[in-house]
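In what comes next, subunit A is part of two complexes: it sits with subunit B in the first one and with subunit C in the second one.
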Partner chain A sequence: MGRWRALLWLGPSLALIAAVVLYPAVALVRASLSRYSITGVHQGSVGAANYARLLEQEALPTVVANTVLWVAAIVLVTVVVSLGLAQLLNEDFPGRRLVRWALIVPWAASVIMTSKLFVWIYDYYFGILNHALLALRLVTAPVDWLGNDATVMAAMIAVGIFVSLPFTTYVVLAGLSAIPGEVYEAARVDGASAWRTYWSVTVPLLRPALLVAVVLNVIYVFNSFPIVWTLNDRNPGFAHDTMITYMYKIAFKSSLRDVGLAAALGVVNVLVILVAVLLYLRTVSWREAEA
Partner chain B sequence: MRRALTALGVLGAAATLLLSACDRGAERSGGSGKSITVVIAEYSKDHTKPFWQGLSEQYTKQGGVKVDLRIIDWNSIDQQVSTMIQASQPPDVLNLNSFSSYAKDQLLYSADDVLSPKTRDDFIEAFARGGEYQGKLYGFPILSSARAFFYNKDLFARAGLAGPPKTWDEFVHAARKIQALGGGVIGYALPLGPEEAQAEWAIWMWNNGGDWKSGNGWAINSDKNVQTLRFLADLANRYGVTQINPGKTNRTDGAFQLFKDGRVGMVMGFSPLAAQLDAEKKVSYGVAAMPTAAGQSVTLGVEDYLMAFKKTGNQDAVKRFLDLYYQPENITRWITAEGFLPVTKSGLQQMSSNAQLKPYLDALPNARLAPTTDPAWDRVKLDVQQNIGLAVQPGGNPKQVLDQLQKNAVVAAGSR
Partner chain C sequence: MSPARTGRRVIRRVALSGAGLALAVVVLAPYVVMVCTALKPEGELRMTPPRLTPIQWRPGNVLEVLGDPSFQGWLYASLVVALTSTTIVVLAATPAAYYTARHRFPGRSAFLLVVLVTQMFSPTALVVGLYRQFFDLGLVDTYAALILTNAAFNLAFAIWILRAFFASIPREIEEAAAVDGCGRLRTLVQVVLPLSLPAIVTAVIFAFIAAWNEYIVALTLMADPARKPLTVGITSYVTAYVQHWNHLFAASIIAIVPVVVLFAMIERHLVGGLTAGSVK
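So, the complex of A and B:
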């Protein structure tokens, strides 16, 4: 009887989860096992054939490598820079409130708008970046940041870092303010240097916050669509796509135009991110960090 | 207590969502004749929605059938229509730039089912042919446009050029002269990035005597076409008369932007570009026929379509809607507002007095259409958009790119 009553309370959230998480997941798996015509007409089940065809795609290795670089570079740089930024914002200085607010802006702005803005900042002919670099004599000729194969990925990663910084900094900042003053006092009494205090007191106590920051960022960055889509839209082929934009191109923009194949990649994407997060949590032994 | 209320509230909201989703589904798929769904691509923010909203209201007043009107931007229309069809809830009337795949999937009414003979006979013959699949008209022309050759008069004067080039030799000469002006001036803006590469490519291809197909088969890698693509690669890499990375430049935010800024001597444009140039008044430009290496200048005509989806009980309602749109005063009012070209004989008559449209209307008789009547085209187009730019990049291999496109086209033609 008691169990049923619990279900009554859980019911609403269970219904919501079923509608917005479970149903789409089931629909995705079902789509990945089906064949669709180019217009979207369902043409029956094909078993695992879409998964097999996915592995045959010539672009897949490049796309996977791009994705690893995209996620690793953004998360790593974001976390390192955020540690510094959070440390700065944790200090008391005039105008701190203003700086804290300013940091939220890239987060609050729509990522598509930010991406469009960067398209013009990076532009070969009109972009402010080339103007600035030329004026500072850091380059001798303008650079086609988004058209040059050597610079596109780095240019996109820079935008990825820019939009990831606010959230990460605030997570670290929250972690910093949760560290009690006594431990610093104890360190001082023991005669620890500033550097030593940072490494032996601050960083270990920040571990739970960093854990949250890394896991959430890995998921966000992996799933990020607008930056790559917007900054890379001029480039032919799949040389700079991540698994997310590649999935969209398979479904609607490449000559494949295959919803089933794209759904198969969608399922793979979910599994990849799940496994990556679990592996990460395991290596940092999160239970210990929690304690 | 408060929690219980919140929980109930959430449950209620979830239930409402689910119910309303089911409800909408039933209404649409049933096709009871009480309402039709009309999906229209957004040609411009200013004109598309007001016109179709007005037309829908007029339609509802006449027959009592409601219109669920959805204006969708070009970037996401393919995706949204595909989603509707996957969910077995296709629209009743759809406006798109392709139709033959839908005809092939047997989703559409033919003109015999939903157009009155008067409407059918008013279509300009070339556009009616462009909407045929296996001898029957499925893609009803909704509007058309034609490309034209735009040149910057000031830059031409500065370079000492008398007028727009007529042949490819004259074109290269003009481009080099303009490029030689220096100061970041560009001879020709060549957009072969994914946005509309197939259009730019087709114009050059046709003006060298090549084509997409030869008879019924694809001929993308014909000798003529390899020669054309080598010529375009030379423009970029040998003569250096294009903007940087033409294979990675889109039309709207790339080539057009540079021309509007006055940095470019020549570009392939169309009437909406002219409207923007007229509004900005920054560039003094001329419009001419495409330079050609084949004797007769050819331009690209683009035809967009209206399609009617087969659903039980919607035939009559759809027919009345189409008849309303194709009434001469309606279709011409919209096409004029959007700055496009007519697809009906009556429209052509009405619009021929418009001086601004003259260069495009003049080009229309020599305009050729993309092979949209072939369902394989829908894949070939995407393949060209995604890949042809690679051929004009430094170190690109035009023949290899065209060979691959041809191979994929043959596969697409044989698939399904």
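So, the complex of A and C:
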């Protein structure tokens, strides 16, 4: 009886999750074991052949290395910078509300629109960035940020950091405001310097919030699509793609249009995220009591 | 307080304000470029050396975009998808959040775990599976496909926010309603929901913005130019053949400003919903 009543109240949510999250996951696995015509018609099962072909793809090692760099660089820099920004926003000063609102803009704005904006800012001929750097004599000639193999990854990572900062800063800020004031009082009475207090008191107490920020950012940044998709738009091949944009190109864009191969990579991507989710559950020590 | 200490405090506040101002400038600088470019006439887009501000300010660009039938179609698609999916989110999340906040039952923990996992999975990783599914169902190029996808993936946040709020409402209020002869559903609708307005507003705004900004599923499923939502549609202002950066950014501003205002309204509640399970 109780079970059925619960089903009544949870039913709409369960139906939605089953139909639009679980079913596509099953469809993804099924597609990874199948062969499709170039127009997307199912042509039967091929077992693990798509996975074997995935491992043979010439671009795969580069794409995996790009993904590791993409996630590690963005998450690391974002978390370190956010520590400073949160410390600042945790202080009381005139104009703090306005600064917090400013920080919301890159978070609320659609990432695809911010990405297009950076394509324009990075533009070789008409972009304001080259103009500003030339005026400040930081470069001697304009840089083709998005067209040059040496700079495109760094240019994309910078945008990734820019859009990840607000959320991360807010998580650290929530962690900071949860630290009771008496702890600082005690450190002051003990005569600890500000720097010492930060490392011995603040950082250890921030650990839970930082872990949450790191794991969630790993998931978000790994999943990120619009930045690489947009900023790497004009470069042929897969030299600057992540596992997500590579998957997308295989499925929908490149001459390959290979649904089975893309689905195999999709399954790998889902497994990577699952591992991160398990890490998250461990981090927040998910228990029924807390549920 | 001694004058020296007061002086130090003033200096500290000024320094903090200065740092805050610098941060705001850095964060907003790209969007200043967006606004300035949006207000430039076509001829000023390709100037060397480039200028930040327009020589001739042209607010007419915004009106041109608003009057563009294509833009109106994208705006309509975005509104339909975001409003409908948000409605579904609230209708599905409210009973689930209320029941899990008030009752312990077998499978409760498993349900919450599934919800949490769906929150971690953006549609991005599943996009090939989603495409296969909607292709097989004949729903490619329909609003229904976008509405369902957005509703499913934005459900988790709403459940967390609402559940935490429902749990904080004293049971006695509901017990009083029960004594007055209210059924469970009536208690929820007439007693609990009016008290929960702040949480509902937060859930609504978050679900709306997430759907409004959704890109990859719309990019994949919507082929008909007239049915594309804003995120996908406006990119056609700049392609390999035409480069109307001013119109692209005028359209972007129209899309961004309302959601920034909405986001600022729920700023305080965001972290709790996004770091579910970790914040009590």
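In this text, the second predicted complex is superposed on the first by the 260 of 291 C-alpha atoms of A that agree within 3 Å, B and C clash if a C-alpha of one lies under 4 Å from a C-alpha of the other, contacts with A are read in each partner's own complex, and residues count from 1 in each chain.
Simple rule for what comes next: contacts are C-beta pairs under 8 Å (C-beta built on N, C-alpha and C of every residue); 3 or more make two chains touch, one makes a residue touch a chain.
These numbers come from a predicted model, not from an experiment.
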Task = Following the overlay on subunit A, give me a clash-or-fit verdict for subunit B and subunit C.
result = clash
Query = Which partner does A:T140 contact after superposing on A: first (subunit B), second (subunit C), both, neither?
reply = neither
Ask   = Regarding the shared-chain residue A:N148, is it in contact with subunit B (first), subunit C (second), both, or neither?
value = first
Message = A:L216 in the overlay: touching subunit B, subunit C, both, or neither? Say first, second, both or neither.
response = second
Query = Just subunit B (first), just subunit C (second), both, or neither: which does A:L98 touch?
reply = second
Task = Could you look at A:T39 and tell me whether it touches subunit B, subunit C, both or neither (first, second, both, neither)?
result = first
Request  = Please indicate which partner A:W9 is in contact with in the superposed arrangement: first for subunit B, second for subunit C, both, or neither.
outcome  = both
Task = Name the contact category of A:H131: first (subunit B only), second (subunit C only), both, or neither.
result = second
Key: If touched residues of subunit A are counted for subunit B and for subunit C, the larger one   = C
Ask   = Where does A:F252 make contact in the superposed view: on subunit B (first), on subunit C (second), on both, or on neither?
value = both
Query = In the superposed arrangement, what residues of subunit A touch both subunit B and subunit C?
reply = 9, 12-13, 15-16, 19, 31, 40, 125-126, 251-252, 259
Ask   = Can you list the subunit C residues touching subunit A in their complex?
value = 13, 16-17, 19-21, 23-24, 27-28, 30-31, 33-34, 37, 45-50, 52, 88, 91-93, 95-96, 98-100, 103, 105-109, 111-118, 120-122, 124-133, 135-136, 148-149, 151-153, 155, 159, 209, 212-213, 215-216, 220, 230-232, 234-235, 238, 245, 248-249, 252, 255-256, 259-260, 262-264, 267, 270-272, 274-275, 277-280
Ask   = What does subunit A use to touch subunit B in their complex?
value = 9, 11-13, 15-16, 19, 31, 36-42, 119, 124-126, 144, 146-148, 233-237, 249, 251-257, 259
Note = The answer for subunit A against subunit C in the complex is residues 2-3, 6, 8-10, 12-17, 19-21, 23-31, 40, 85, 88-89, 91, 93-96, 98-114, 116-118, 120-121, 125-128, 131, 134, 162, 165, 167, 170-171, 173-174, 208-209, 212, 216, 219-220, 223-226, 244, 247-248, 251-252, 259, 262-263, 266, 269-270, 273, 276-277, 280-281, 283-284, 286, 288, 290-291
Query = Which part of subunit B faces subunit A closely enough to touch in the complex?
reply = 7-8, 10-11, 14-15, 17-18, 78-79, 81-86, 88, 101-102, 104-105, 107, 184, 192-195, 197, 243-245, 247-250, 253-254, 257-258, 261, 263, 375, 378-380, 382-383, 385-390, 408, 412, 416
